[in-house]
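Shared chain: subunit A. Partners: subunit B in the first complex, subunit C in the second.
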Partner chain A sequence: MSFSLSVKSTIHFVGVLSFVRFSSSLLGLFTTYGTITPQSPQVEIGKNFTATCVLYETAESTADDIFWTCNGKVPEELYTKINDSAVSVTIKITPDTCKWLICNKQPRYVNQTPAIHGIMLTKGYPPEKPNNLSCMAVQSGQKISPILNCSWEPGTRDELLKTNYTLHTSWTGFNSSQKSIGYINMETFPSYCELKIWVEVANSLGKVQSETLTVGDANYLVKTNPPLNVHIYSENNFPRSLLVKWRRPIEKHFFRLKYNIRFCAVGSEDWSEVPPNDTESDVDSFRLQHLKPYTEYVVQVRCMHSIGLGYWSDWSANATWWTPEDKPSSQPDLWRVVIPSQGKSERRVQVMCKDPVESNGRIRNYSIKIQDGGRKTVLVNRSETESRKIIPLYQFVLPDDGEALIELDACNSRGMSPRASLTIPKFTHEPPSVKSLSWFTKEGRLWVEWVPHRGKARDVTEYILEWVSVSDGALDWQRERASRTGLANGNLEKFKRYSISVYPMYSGKTGKPWTEPAFLDQKAPMVGPVVNVSRCGKNDAELRWMEIPLDKQQGFITNYTIFYTMGKQEQSITVSADTYSYTLKHLTSGSKYVVRVMASTVAGDTFGPEYTFNTLEYAPGEIEGIVVLVCLAFLFLVVSLVVTCILKMERIKKKIWPPVPDPSNSTIANWSPDFPSKADPVSKENALGDVSVVEVDVFDGRSLCEEDKAGLPLKKDKYLSEEHSSGIGGSSCMSSPRQSVSDSDEGGDSGQTTASTVQYSSVVASSGYKGQTPQPCSSQAQTPSFARSESTQPLLESEEQPEGQEGSGQPHLRHPRNAYFRRLPGGSSDDDDNNSGDPGDLNQLEMEDQGLTLLQFSPLEEGSQQTTPTEEGQTPDGQLDPIPSYLPQLRGYRPQ
Partner chain B sequence: MSGHVKIMYPQVSISPTARTWLSLMLVVAIHPSDAGAACGNTPCGPSLQRSLKLTRLMHKESGDLLKTYKASQGDQSDLFCQKSSNIVPDPIISGLDPSERILSIYSHCKTFLPHLTRVTEQQTDLQPPSSPLLNQLLTAQNRISGLGNQINCLYQTLFPNLPIPPEPVDGPMSVPPPQNVFQQKIYGCVVLKRFKEFLANSARELKTIKDQMCSRRKTFGHANALF
Partner chain C sequence: MAEQGQFEVDTLLDMPAPGQTRTGRAVALARLLHQDCTHLLDLYRVRESLSSDHTPAGDRIVSLSPSSPDLGLEEQVQLLYSALRMCLGLLECLIQREDEEMEGELEGDYEQARKTVRDRLGHLLHSTKVLLETEEDVTPDHECTEEVDGVVGSFRAKMWTYRVLLELTHWADSASQTLHVLHREREGTDEI
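Up next is the complex of A and B:
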């Protein structure tokens, strides 16, 4: 590091020092101590270089004090002491040799600079010899350009030194050269003169020249223009010949020319060249022979010095012309398509053909003959460029057991072609097909291989290789003679499906075909399968998709892959190519699935559109099962309940409808002094039918309860509680006296205060009943006697028996009670008027009704004053509703 | 932009005057000894053939040159060419044997060169620089130099034991003194006319020599034995 720094500083210093010394030498200000020879040398890499440092007297030093530096101190072994004041140094020059070589002397004192003088070494290589010199002069106008252009290969080493290239000729001129090319202007091109050319390369280290290019005639370096005015002429009597004429590009006095002619049919790039020997002489025309009639040819001509030295000119411009027509020299390509008829024992035959390969002109018509029929002419009307197009000629129906011989001639303006024939054998007598058929592609072409039928191969004269495009039905064929391999020469398109067939031909008779599908090239299908779900279950779904149309498959489908996704989880299943439905299983119920199907060929895959479906929450029938089960359970429950009810009827009945004590059989009557201890047998028999409805007389009630009404606002709560407690007690004029009793039973009766559980009480006033002396309602002095029943039956008439009736003194128990029962409005009202109904009728009524519905509370007879019951019990049309004969508990017993 | 348009060519442009002087230097630079170095050893080889073809080419070009000259001299150009001049070399090839006749051709080449040069100088002053006449004159000078070398070489090949005389044997070498324009035009036409005749004679002579010498050599095998 320190060394490199010192070197840099030294170099910098030396540069400054040199400038200073140079300046000082000019101005005489500074003293120079010595010098180095040579000055600013250009040294050759790889060789030794010697420099000598000479001290002046002013240096006051000797040669022993001199040392050399060159990127560091040069070893003293390389020094050579010449005398006391001069020392030389010899170093080998390499690419890495230092740029500055400095002569130094040992300083006498500290601040004295050691450098005396330095030189800059310019390194480089001597010039290299150019090789492969070549020159060319081109035609300019009608003469040869005097400018000679030359090129050569320079040396491969880097040119570290400035190098000059000079082009020299034996014919003086002005040259301008670069590293590898140059030209020389000779004023006049030295035709027929010997010319020597060489290149000289020079730099400061030397000079070298290339090998001399000597040409005996400078014309050997000429490249002329291509031949002029190339024209082609045809002659009608020579349909296979064309005459080519041209004009030489340069005057004959310069030199003789030889020519080169090439030609090809238009559209073809396969040039044919006329043998050079045929055009070596300096000619200006040539007749091309053995051409194809009625073919457009392209001809080009070029030229060069007849000696063969120099350069070929460029090819002339294209000259095109048609050869004349000739009569067809080959058969038309006759073929047929046989289409079997559905349900008929016949075939439909379409005869078609292609122009003869050697049609030698434009085919104008075809002459066709079917079996023994007459000859028919089919005119051909088409453009010039539609040759070799398939021409449908004729269509006829051939019975399956029939055979047809087809003969065909093609005609152009010059004549008729050789006849082509084709035999369609009987359907049942078709010769056998080939044994097998296969195909492969190679270099973008379709090759077909087949194995001939064993035993019949010798009879086969040729094979027809036919291919039909599945997409558009385009058909083409070609003939292969005595071969087992055929290259389909038609314009087969990639990614299209073809049906390849091979027909063996047995002396013009068609054999059975062997057909295979084929693709010239395959890629991913054009479209993917469109999938849908045909059935979706709880955990499975059946997918269906259609086969991709054949013209969109673009290859053989190798398999289908089903992708189905739920959420972000995708699964796939691969199925074979002949599968078009698949049932996905183990799906999650009630989930959304996205499914798509990918069709694959060997060359790629294509996805079809996505299809979304949801699996069912419940499987089909599951809901119905649940409903049935629930219904069955419910039914079972109901049945069980009914059975239980039936079995426990008595108990339930007792529970719901507790036995109502028959007032007639009530023991309370026993404690009445006037009541017989035993019931009337007749009454006993009718005990069940003695259901009666308490008829509340509003007037009576009002009259009886005036006092209560008066005190109602004040004692409403109590009053209501009384109603609750007694259930019926409020309706009686004697409720007040019973208040204490009712109150005492309030707690125990609370459960019977609802409307549904109307507590039927039988209150028997101790007064006015059964012969007791009736007392006014206001009488408070008498102690009432009563008994209570838990029955919910309607109130009995004994509770509200009017005094008048009581006063009638009728001894029979039934009579006063029945006086409170009325028939329905539709019934007889006389009984009410009489207040003495027939007990038998009453019982009958009770028996018929089996309840209370037919027995109505009949307030109508009480006059218009009775408003509340009317409003409640009357329908808007004035009819009475079948309200219960007792008042609901909610209403209390106030009207009573 | 109606000014002059200078067309740039990819070649060194030289003024006609300089071109003329350079051509003179070129002619002077061609020394017979230099040309002789390129001669081959086969007399009936390409040397004689090339000389004959070059002569024919020059004859063809001299015809074109004369047409161009006449066309560029204005009216009465035919009148100029009907004159004669004693200072112009005679186009006749002299000599009794092939060596003398070949030497006569060589001498004519040497003789015609200064006259062509003189005509070129004169026409350079008379013609515009772009005149094709100047270029053709220059070409004629260059070719006559080349033909001189070719004939010299042919002579050395055919007659290796005969020295070439230092001075031309035929015609005056001196160019005419200063002339007026009329004289220049007459002089130029006479030079070119005789130059063309000389080339025609030379071609005919070389063809004869070729037929005589090479057919004889083919017949007898050794040409050098005859000389």
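Up next is the complex of A and C:
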């Protein structure tokens, strides 16, 4: 099937949407089946709109197959069948009505497009009537501009449709208009002519025009320039008057003018306006009256058409001038500050004042009089801009029991002011203060309220409201007459602390003040409290902080909050504003704490710096207590030991010093050596050279050394064998005695019949070989001395000294002499020498170990003294005299 | 205070403002026209370096029948209206000729003043027509048929222009006087 363009079809390009039936081919040819009338309608919102769909023959359908869609199917009750091929539909247009109204037919095939034709509904409103048309022509040069500017209020509805605004006048001219403003150029402004103006608004749905603005004279619409050359003139004889002159801005031929004049003092924005009736006539000057003397005034003038239906011009530029001076017409504001003297019954009074409110000129000097004193003149030297400043006048000392009347006059170039007076009463006779005082802030201003003193309120003539800045001491005051409320008019600063005082004045006599601190506004303190720890214990710490300086508080401190942290655990405590120390309790001992204090006002908080401290490990006195307890325990133990020792003395003695058998009862006393006790002299002499039995004082090492020096070697193989092993002892006269004993015991013990057997014998080998020269004690002990005892008595502890000490050569304390040993007389005189660290000491001790009993039983006690080395005992060649102290014991050992 | 305010359109501005009547506005307009004509004449004298003492020779260009004391005030105003229409025609001719002569040149103060006088004269004709309550047209009543030497920029042409400007000044002054008489007659006061 081929498609061809129907001759009846209409191709719609803009604003018309044609729905066509496409073939499967891509040739782009299409067929229309009908059309809708009207095409591209602009429909009015709120009205009914009717469209008709007409089917072409190609549609192969009837009117019954037609249905309308408009964002959905349009109800069939809105259809009207015109004939078999045409159906109309009537819908009400609303802002929400669909954009496309489409005529459709029931499709005959599944793939058939149902749309026949569609139209786009352009919705809108008819134009609205503009309101409040106003026009104005301005002055241009010396004439009136021919351009008339107009404005109006257009309709409030959304226009939706393209709308044209046209400004019309009864005089021709070029015009240009927008939605709410327009202008028309009339070439020449039609002064004195009737003028009609209107605005016409039109769109596709209609046309409407505004109310006609008709003016009998177009000049009514003129706004002129402000008056020119405004000048002010003063006259000396009229201190309260200024003459204002100006020049009209436009020629008189155009129209007559009327004027407006306003003025104010420089610095004030409170304009005063001359009554309009006074300047209705077309004048060019005016005299301002009832002004303040010596005040700089600003004057402005404006003008408009005299009929007054036009527009005022702008205000002229400022014209300023001073009114002439006049004598002061009010009192100076006299006040004082009373400062009590420390320790004295007097007061220091500073008199001060402010210029009279109506100074009417520059105050050049003040004349002050104190009580009965002379009148003094205080010159005032300041710039003109410093009026109403506080002037310190005079200072004097007033006794507490004295009263002072102060009188003050202010003078300017024209005269003297009314006199001001102030009485400072006796200190003890000051009239009462107000009953109470309070303050509040409102709209950034400080208000003070007070309650007068009951019974004295009638006597009060006025109140002085005084405020002093705590930070810098700046003072100001004001007077409130017959009032209970005052607004502080000074330049009070926010966040500053002020002392507000109210003084009742009793006919010029000052009463007692009532003072309260106040803030115009508050915020968080400037700085936080600096905290430190004044005392730190084991579980508590006392914190201290200083009050924040008053000028940095910036508000009333409501409370302090202490934050203290150990590790990550923070705790806080809030204390009152008058608290400056606090003791933290229940702290953990030996812990690190970080503490800081926050100061709060009603407007905020400020933290102080952090402070770190450590709690103590022990409480004060705890260590001392422990020490005392330990000492007491030790003391008790010692006492117990001592007592025990005393009580068990005998037993201990026996333990330590077992009973020593009486040598006199020893069998050795009766011991018969193998040799005859009486030797021949020769052999005796020789024997003395070989073996000698010496009495060895355990504490007198020199005995043995002397013996050595005497060259009495003891020839004994056993000993010699011991000599080889004695090298461990270094320079000792003898090697280790214990070893020696042990060694000797090796053979000896095996031969003993019983362990208790004591062999109280001593063998001293002073010389290994006969004829060998004995070596001194301090040299290498080549000639060992050996004392042997068979006693099984345990060794004394003192004998357990290490070898190192033995050879150290240092003096050392000796053990107390055993009571069982008697000291040899010959050794007593050489004690000091014996304590000199002679290695022989050790030998002596060793000897003591082995030969104590031997010494004990020395039978030749008397003769032993001779063995003590003395100078007398020395041979002429320096050799010790080897005088034997004992009988020679040639065979000191039993064969074992 | 009426500063920068707008006034009620229908209630106030449709009515003659107190102290200002139609005749009064007409008088003021005639005076303003006279002011403008004088200013234009001054500008012309300056431009053409003419002395104020110099008076061009010849009769009046606009001449009406001699005024008769028998004529009523309304008739005098009617004659005035006619004279002003002729003056407007003359001015139109003058502008046409000068524009032809000064073609392409920028518009100066003189040309601007000339246009102002033309428009103002039309305004006065409208006002007078309203006073006369006549249906007579306010169009210029003059055909630019005068032969002024036929040479543009000639002395005679300038004198003709001078005479036209003098005529305008004369009739503007005459209008202010006549209308003032009418105003006084109608309003009973000299106050404009």
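Here, the second predicted complex is superposed on the first by the 539 of 896 C-alpha atoms of A that agree within 3 Å, B and C clash if a C-alpha of one lies under 4 Å from a C-alpha of the other, contacts with A are read in each partner's own complex, and residues count from 1 in each chain.
Note that contacts are C-beta pairs under 8 Å (C-beta built on N, C-alpha and C of every residue); 3 or more make two chains touch, one makes a residue touch a chain.
Here the structure is a predicted model, which is why all the values come from computation and not from measurement.
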- Do subunit B and subunit C fit side by side on subunit A after the overlay, or clash? clash
- Query: So, does A:Ser471 touch the first partner subunit B, the second partner subunit C, both, or neither?
  - Reply: neither
- Message: If we overlay the two complexes on their shared chain A, which of subunit B and subunit C does A:Ser176 touch? Say first, second, both or neither.
- Response: first
- Message: On the A-aligned overlay, A:Glu251 touches which partner chain: subunit B = first, subunit C = second, or both, or neither?
- Response: both
- Message: Per the contact definition in the header, classify A:Thr515: touching subunit B only (first), subunit C only (second), both, or neither.
- Response: neither
- Task: May I ask you to name which of subunit B and subunit C touches more residues of subunit A?
- Result: C
- Query: Which partner does A:Glu187 reach: the first (subunit B), the second (subunit C), both, or neither?
  - Reply: both
- Could you look at A:Gln571 and tell me whether it touches subunit B, subunit C, both or neither (first, second, both, neither)? neither
- Query: Which partner does A:Trp312 reach: the first (subunit B), the second (subunit C), both, or neither?
  - Reply: second
- Query: Is A:Gly216 contacted by the first partner subunit B, the second partner subunit C, both or neither?
  - Reply: both
- State which residues of subunit A lie in both footprints, the one left by subunit B and the one left by subunit C. 186-188, 190-194, 216-217, 251, 253-255
- Under the touch definition given earlier, write down the residues of subunit C that touch subunit A in their complex. 1-7, 9-10, 12-20, 22, 25-26, 28-29, 31-32, 35, 115-116, 118-120, 123, 126-127, 130
- Message: Quick check: in the complex, which residue numbers of subunit B touch subunit A?
- Response: 11-12, 14, 19, 22-23, 26, 29, 38, 40, 46, 50-51, 53-54, 56-57, 60-61, 138-139, 142-143, 146, 149-150
- Item | subunit A to subunit B touching residues, read off their complex | 147, 170-172, 174, 176, 183, 185-188, 190-194, 196, 216-217, 251, 253-255
- For the subunit A and subunit C complex, residues of the former touching the latter: 132-134, 143, 186-188, 190-194, 211-217, 220, 251, 253-255, 302, 304, 306-309, 311-312
